[in-house]
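You will see subunit A twice below: alongside subunit B first, and alongside subunit C after that.
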Partner chain A sequence: MNKGMHPLVMIGLVGAVTLFGRLLPTWTLSLATIAAANALISLGIVVLARTGNISFGQGLFYAAGGYGVALIANGWGLTDAVAQVIIGAVCGGVLGLVIGPLIARYSGIFFGMLTLALSMVFYGALVKSTALGGSDGFNVGRPTLFGIGFSDPREADFMLYAVSVITTGLAGIAATILFRSEFGLASLAVRENNLRVEYLGLSANRIISLNFVIAAIFAGASGAFALMAQRHIDPQFAYWTTSGEFVFVAVLAGNQSVAAVFVASMALELVRSFSNLYLPNTWQLVLGVFLLGVILFLPRGIGSLWVRDRRRKSTPATASEGTTKKEVVL
Partner chain B sequence: MKPVLSVRGLDKRFGAVVAADALTLDIPVGQKVSLIGANGAGKTTFVNMVTGYLAPDKGSIALDGLDIGGRSPRNVAKLGISRSFQIPQLFIELTAAENLTVAISGAGTRALSFQSPAGAQERHDKAVELLRRFGLADLADRPISELAGGVRKLIDISMALVRRPKLLLLDEPTSGVSAEEKFATMDRVIHAVAPDASTVVFVEHDMEIVNRYADRVVAFYQGRILADGEPAHVLKDKEVRRYVTGGTQ
Partner chain C sequence: MNFFLTIIVDGLIQASWLFIVALGLTLVFGVLKILNIAHGSFYAIGAYVAATVVTLVAAHRLPPSVGFVAMLFAVALIAAAVGLLLERGLLKMFYGRDEVVLLLVTYAVFLILEDVTKLIWGVNPIYATQPYELFGNLEFAGLYYVGYDLVLIPISAAIGFAIWFGLNRTIMGKIVLAVIHNEEMSVSMGVRVNRVYAFAFAFGVLLAALAGALTAPKISMQPGLSSDVIILSFAIVVIGGLGSVEGAAVGAILVGLARAASVHLMPQAELFMIYLIMAGVLLFRPEGLFKRETARRI
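Coming up: the complex of A and B.
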């Protein structure tokens, strides 16, 4: 079994990437912040995809996290960035706990469509809710960190970059440990054959539900980051195109590597920014071609560039490897 | 002898098709029972009802005196009935050892760990030990997708053994195995399951296998039990020869 990178090395890498932000130009900082926030929610989709289910409605939890944080920030004046991320994660997680067990009994396209439908119901409710600003949404103040306010835009951007990179990095480390764990292997087993999982005494529904809650927690925290970066929230957070974008990143990344999610998210933001700059009227076309290219040449996602396919790593079973021919060809 | 499995008046219909018609059967501890019958006779339906995959329309199923009728496959597995499948039900993208590891995790008494590595030494060693019993230890790190059908069948059986079941149900353990290798395969299965499962029920179409390995034979026909007894008697039964074996014995 692949042991992979040690968590302490990963923590060191997260620290290095955070400090690297000091060298980046301001426009790159905000781009990286958005990429990290998007990577966090897409990582949740990858976590869930390991059970064989794709959520097309993660915007629901993204919006729940964002609106929850925005309401608490405006109502109680809580502006601390770390507290806001935690609140966003809790909002997403609680909603995931309610929805997850109900939706876990469905699979495939039904699962995907139900998540999409729920997010659109939430979107509709937000648009109609005048108390939450309707379709215009509402604004929130600039976030602080441990009581420190940041009036310099460059410092404020770096603070947000650092918090988002550290949070997403820690989530990535947690996901890596999860993927290698007993629970992670059982999640893959659910994807492969959920009936056999049940016959082995495990609950496939419970495994899917727990992965769903993890994905919802990541989505809620991501919503908090999006809110802090924009200082504005509106129902667009829950709209299906927003959810689709996160699925886009997850498809680009594949499910073989946590790092691939971050690379895919950054690649998407870069492609979007530059195509928007140089081809303002056709940037969606460029994005589409980019996705097609990845699907055609890297069908298992960007992660397959550095994670070798196990099926190709080993040669077919032969009689000369300590077992008789009879045993292999039975 | 005390029955480990006791079935009374089991009925199951699929529309007009009668898959089980008032089935009544006791299986004592330590017996090796073979279920025979033509396709559609109700053998697999019986296995599916006993393991909780299908709910009977009527009747009761008891394991060690405990009513298990209507319970889910997961609960039935936890109570001590394991099964293998006619078409092996494995996790194709995972390795043989990982398949066993999932089974070992499922048999554990505590919840699945979020941090303990799946391939922890203790679990891996246990997985390899089980594979070794079937002569497959060298294939532990091979993905199932690379392995031949017969090997998959043995891995499927080995996964069912992990819980050390009170009752092991094997659905056609030698199907897909060539005529020259069927006895070797069945020898290996019987030898490998012996330490963990003393009571074995196997569905089989090959009467030579039935004759050699079963202590008792139950012949099914149109959802009913046509004959039940020692292989020598059942396989010579006139009705069994007419409706089940086609005069092969």
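Coming up: the complex of A and C.
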């Protein structure tokens, strides 16, 4: 595969970005926290998209992580940020383990629709469950870290920023290692042709399921961050337009580079906050036009701007095969 | 007994407009192989345009029946224009790309239209109730129903029959079916596939907008309408099988009945039920109830 950075260099980079947060003004801190959390869940979508399947229902795991953490935080008084992230990841992961093998058999549109349906089942259940606050949701307290409470809002923001950047950074490093591994390459092969992968003696279903669980873990942890940042949770976490935004980030990023996911996520948050400021009510319009532009002009995502595309050199050999030139964007 | 009859009638009323929306979605998928996320937006646009026209007509002190007819014509005109414009101006560029890419393109269109409707009609709820009293009230099995609701049922049945007839019994329909089955072969037989695509997409938009117009007097138009409707119509076409007209009918009736039944029996479970049915159908018959599995190329 491509010769990339050494993992140690990446860890250093994550540390540098974390410390850089000390210099950032407060409003960018919370923005970056959300961007890092969104990058985490979108990274999961990219991981899954390497098998050729796009999940339109990551909100399910996002909400599962968020609600799991919120319930435990309120029930047992567990406020530690790191513990909350782990709980969120476990909630998402367990749900992913249940669902993954079931839907690994489906592909393309059916996969997308099924994930969307499942997340909407969850949404429907959450909206009507009065014990969980129904459509209003409920609040949770401020997170702490290793027994230290943060009364100064700036310190609290920085703590959250640090935890989210480090977690997402580590997830990114793990994903990079995964992409370069045999398993990661087999995932790409599933996207190209799952039947041929089966003939080679690998189980396409198992590969998809595993990637699905990884995506679910990332989504659950991301839900925990969103909860800590907003200190509030409601069923909107599971609504399909929430999932759509993460798909948007994943499409924008493409699957060429992990770093692209972070850039894309940050870009989305910047666009969102600036449109909120200058073009209220039209930020979805900006988003839509942006998305069309990316699909049209950068079909492999912004990652293709700096990652050389080796596959373009191989001429379309399947031209004789018929009607459509198949090109998958992610 | 009466209770069940109530559920069935309510379910059929729901099913009637859902069927029209789903029909558009399933036709577009059948012909263009696009699962159109923006379909709900066309429904919303239809509803908003209808509301505007109805209010305009009422402001001129014309009878509501004029408003009813005027709104249908206005919506048909605008929907056809929007559909043709989108297909020729935008979707055309993405043909031949992966189905999932087209899904994302329509998602982008959904996002754009969502804000465009907000810009034009604002974010406050809009009402257009004048035509709702048009057909009076009817007593049926000891209960009173609004005539307008009951009229929707034959209207949607007529639309469904017309489309079935058009597809299966006319030359035009046969050409469309040929394109559905094999686009390449149709081209070589001299069919102008591009024209069929544009026509089919515009027709799909028209159906969505028409359903929006027909339901406009019953509901309040506000942001979020489109995303709710698209989710419902997804459920219907997935249950029935993507691209199948009969499937859309059965799916609509199932979803309509499920909605009505849960409203009467278990209000907590309304949304939940529909997606549960959809997930269940997908798990056991991923191609939907009415679609035969097709061989794939290895």
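Of note:
Definition applied: the second predicted complex is superposed on the first by the 311 of 330 C-alpha atoms of A that agree within 3 Å, B and C clash if a C-alpha of one lies under 4 Å from a C-alpha of the other, contacts with A are read in each partner's own complex, and residues count from 1 in each chain.
Here, a contact is a pair of C-beta atoms (placed from the backbone, for glycine too) under 8 Å apart; a residue touches a chain by one contact, two chains touch by 3 or more.
These figures come from a predicted structure and were not determined experimentally.
Contact with neither subunit B nor subunit C is seen for A:L170 once the two complexes are overlaid on the shared chain.
Once the two structures are superposed, subunit B and subunit C can be ranked by residues of subunit A touched, with C on top. Once the two complexes are overlaid on the shared chain, A:E182 sits against subunit B while remaining clear of subunit C. In the superposition on chain A, A:R196 makes contact with both subunit B and subunit C. In the superposition on chain A, A:V127 makes contact with subunit C only, not with subunit B. In the superposition on the C-alpha atoms of chain A, the part of subunit A touched by subunit B in one complex and by subunit C in the other spans residues 193, 195-196, 321-324, 326-330. Subunit A makes touch with subunit B in their complex at residues 1, 177-178, 180-186, 188-189, 192-193, 195-203, 207, 310-311, 314, 316-317, 321-324, 326-330.
Contact residues of subunit B toward subunit A in the complex are 51, 72-74, 77-78, 82-83, 89-95, 97-99, 101-103, 105-107, 112-120, 123-124, 135-139, 141-143, 145-151, 153-154, 159, 162-163, 177, 181, 184-185.
Considering their complex, residues 54, 102, 105-106, 108-110, 112-114, 116-118, 120-121, 123-125, 127-129, 193, 195-196, 239-241, 244, 247-248, 251, 281-285, 287-289, 291-292, 295-296, 299, 321-330 of subunit A touch subunit C. The touching residues of subunit C, counted against subunit A in their complex, run 35, 90, 93-94, 96-101, 103-105, 107-112, 114-116, 118-119, 123, 183-184, 227, 231, 234-235, 238, 242, 267-276, 278-279, 282-283, 286, 297-298.
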